[in-house]
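Multiple structures are listed underneath, in structure tokens.
Look for subunit A in each of the two complexes below; its partner is subunit B in the first and subunit C in the second.
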Partner chain A sequence: MLIDTRGLSCPQPVLMVYPHLSGSEPIDVLVDNTTSQENVSRAAARNGWNVQAEEEGDGVVRLELRK
Partner chain B sequence: MLEQILSDITPPPDRDGRILHGFSNNEDAVLVKAPPAGLALVQTVDILGPIGNDARLFGQTAAANALSDVYAMGGRPWSVMNIAAFPSPSSESDTPLSVLAEILSGAMEKVAESGAVLAGGHTLDDEWIKFGLSVTGVIDPARAARNDGLEAGDALILTKPLGTGVLATAVKAKWPGSDEAEKEMYRWTTRLNAHASSVLLDMHLKAATDITGFGIGGHVLEMAGGSHVCVELDTAALPFMEQVEDFASCGLIPAGTYRNRDYCSCRTLVSSDADELRATLAFDAQTSGGLLLAVPAERRQEACERLAALGEPAFCVGRVLPERKDGKRLILA
Partner chain C sequence: MNGKNPFASTAGIIFVGAVIGVAAILLQKFGNPANMGICVACFERDIAGGLGLHRAAIVQYIRPEIIGFVLGSMVMALMAGEFRPRGGSAPIVRFILGMVAAVGALVFLGCPWRTVLRLAGGDGNALFGLAGLICGIAGGTLFFKRGYSLGSSVKQNAAVGWFFPLLMVGLLGLYLAFPQISGQPQSGPIFYSVSGPGSSHAPFLLSFGVALVIGALAQRSRFCTMGAFRDLILFRYGHLFFGVLAMFVAALAANLLTGGFHAGFANQPVAHTDGLWNFLGMVTAGLAFALAGGCPGRQLFMAGEGDSDAAVFALGMLAGAAMAHNLGTASSAAGIGAYGVQGTLIGLAVCLVIGFAFSRKA
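Up next is the complex of A and B:
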């Protein structure tokens, strides 16, 4: 699943990702600011997900959420 | 319509005839009695965008927030002026003017509690609601507490818990539990720092600040820089409002908090055993936060007892250390 939060500010990205954290299907989240990156990572970690961040260029980071 | 709203607002009482000539007959300026000889003026202005969903409590919050700068120096509020930005009724705006009336009423309740009088104000048409006060206080200049008066050995006492930035974000997100969060937030933000200020004065304290937009970490850094010292905050001792840590761990931390932390990072040393979330929340931007009082270590207990006697919380959150060679001004232990 890919969730694109580019252009959105806090707390929208967390609101988009959180409902999917109860499942176990891999989730990729595109973020374009450090607040979104940190907040989505915190939300995922709290729900037992591992998070890997990959730079995509132009300030965009792909967060790979895996159970 | 605006005129009607303004005339319906109950102004704070003027018990000692401080307003010599008021604005009731469309006067554009107000004559205010000068404070007694020997006192100095302490002047400040602060204006906020809405926090939470209750207009009256937002008005109270914005007033308490603006008055707090006077209290942080040990001043007594003397007169205030309202500053309001509000969308005029039109096809593009569905915000009724009654919202402005509620904001003003809430603010006047807090101004009355502070003992200040209303010396008018200004309202402007704007797309976004904003409200605040220009505050004039009076103070004995020899007894004013300052931002740059920290001394190594001082203990730091905070008078309100932290976390309004996180709670406001949870409210904005309509997160489960946000109704309770909003009540908890307003419970603290609408509270005047008057009692804490009286302890500051009675104990002749030299340094204090109020905790607002830069978070406790940012405000402490300002004090440490001006005072040429280093401050250690004990992250385990930082008090948070109910649900703040839980919401923060869900990712409901506002951008301003991260900006504060990153801006301050080059002057901050985070101890390896400090909790990362608490270290981040040390920079949570506060609205109408408490006072941070610097108290000589041997008088810490006395300060806590004086605050408790007035019903004020007293959280011992850190201490002042001598200046360091590495230039770090804040240690989050």
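Up next is the complex of A and C:
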């Protein structure tokens, strides 16, 4: 699943990802600011997910959330 | 952007909150008004007065703290590679939310930071303000659950990110070019209070220096008093809340150690005892902060990172603060203003309209 949060600021990126954290399907999240990256990563980690960050260029980061 | 940011940890946010709490009490000891070591809403109001946008003679002073917050955040964002000129997420709505936020906060007489500082100084009236703030933010989370969004911001021309910091440099220039003349209400075109809260201020270098440090730390840690309660209510996440708690505990400890704690309701500094309007003023302000995505302090730090939407909110607060005094909605120690009730309720109605209009499920 890919969730694109580019252009949005918190809490919306976390709100978009939040409902999917109770499942176990891999989630990729695109973020374009560090605050969202930190908040989404923190929320995922709290729910037992591993988070890998990959630079996509132009300030965009792909967060790979894996259970 | 690879998570090598120690201030993003729980220990980091607690450290930053504690630094802000102690710094606020330090600024009070060196001259800032009591229980108002730092107040973003009050200080923006004072800047509006210093520029003559309102003529309430007791609250006119170009506060170096506001300038320092923005520039400290900007320098840190540049060093961290996080300066990103962006904007375009309903700027006019953000301006109006800023105006409403200032009107509401000035009925209570304080932004969320000052709410914490008033509590840490023993001002019981701030309990009503805090309750209102939490209710307003809780109302905001209901809109977020309905799909509320002001829309995406987009990357913009670099100059967009520079203008708000440049405005701050301009303010600094005015302050330095027309320094306060002792006992005089005006220096060149700039107004200076000779009595009242606007006349109480720490020395320039201390105010400015402390604010630069706070701006830098807050940029790194994303310290936000609105986000603290919002995340707690929305996700049960306590991360930002620990920062606010640390600010309170540090300020309380500093007050207890220096004789600055006086528990009670009557005769608290720059405060009134009208519980209902202390509460409702902050409901309005809290909802406006939530809908705009940050407390007044956080908006300044984001503006320093190049976020022009946050800058527009801050300018809205400046305009709203001026209007609050010109139109008599702002409170004083004597009680709420002649039109404080109307200002609060109209502001609340405006927030509700914005909340519903920008909710997908509306």
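Heads up, the rule we're going with is that the second predicted complex is superposed on the first by the 67 of 67 C-alpha atoms of A that agree within 3 Å, B and C clash if a C-alpha of one lies under 4 Å from a C-alpha of the other, contacts with A are read in each partner's own complex, and residues count from 1 in each chain.
As a convention for this text, a residue touches a chain if its C-beta (ideal position, glycine included) is under 8 Å from a C-beta of that chain, and two chains touch if they have at least 3 such contacts.
Please read all numbers here as calculations on a predicted model, not as lab measurements.
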* Superposed on subunit A, are subunit B and subunit C clashing or fitting side by side? -> clash
* Asked: Who does A:V40 touch here: subunit B (first), subunit C (second), both, or neither?
  -> first
* Asked: Touching A:E55, do we find subunit B (first), subunit C (second), both, or neither?
  -> second
* Please name the chain, subunit B or subunit C, that touches the greater number of residues in subunit A. => C
* Asked: Counting only touches as set out at the top, which of subunit B and subunit C does A:R6 meet: first, second, both, neither?
  -> second
* Does the superposition put A:Y18 against subunit B (first), subunit C (second), both, or neither? -> both
* Asked: For subunit C, which of the listed stretches 78-86, 150-158 or 222-230 runs into subunit B?
  -> 222-230
* To do: Enumerate the residues of subunit A that count as touching subunit B in its complex and touching subunit C in the other.
  => 9-11, 14-15, 18, 33-35, 38, 41-43, 46
* Write out the stretch or stretches of subunit A touching subunit B in their complex. => 9-11, 14-15, 18, 33-35, 38-43, 46
* To do: Enumerate the contact residues on subunit B facing subunit A in the complex.
  => 169-170, 172-173, 175, 248-255, 258, 262, 277
* Complex contact set, residues of subunit C against subunit A -> 1-3, 5, 8, 80, 82, 84, 89, 144, 149, 151-155, 222, 227, 230-231, 234-235, 237, 239, 293
* To do: Show which residues of subunit A lie in contact with subunit C when the two form their complex.
  => 6-12, 14-15, 18, 32-35, 37-38, 41-43, 46, 53, 55, 58-59, 61
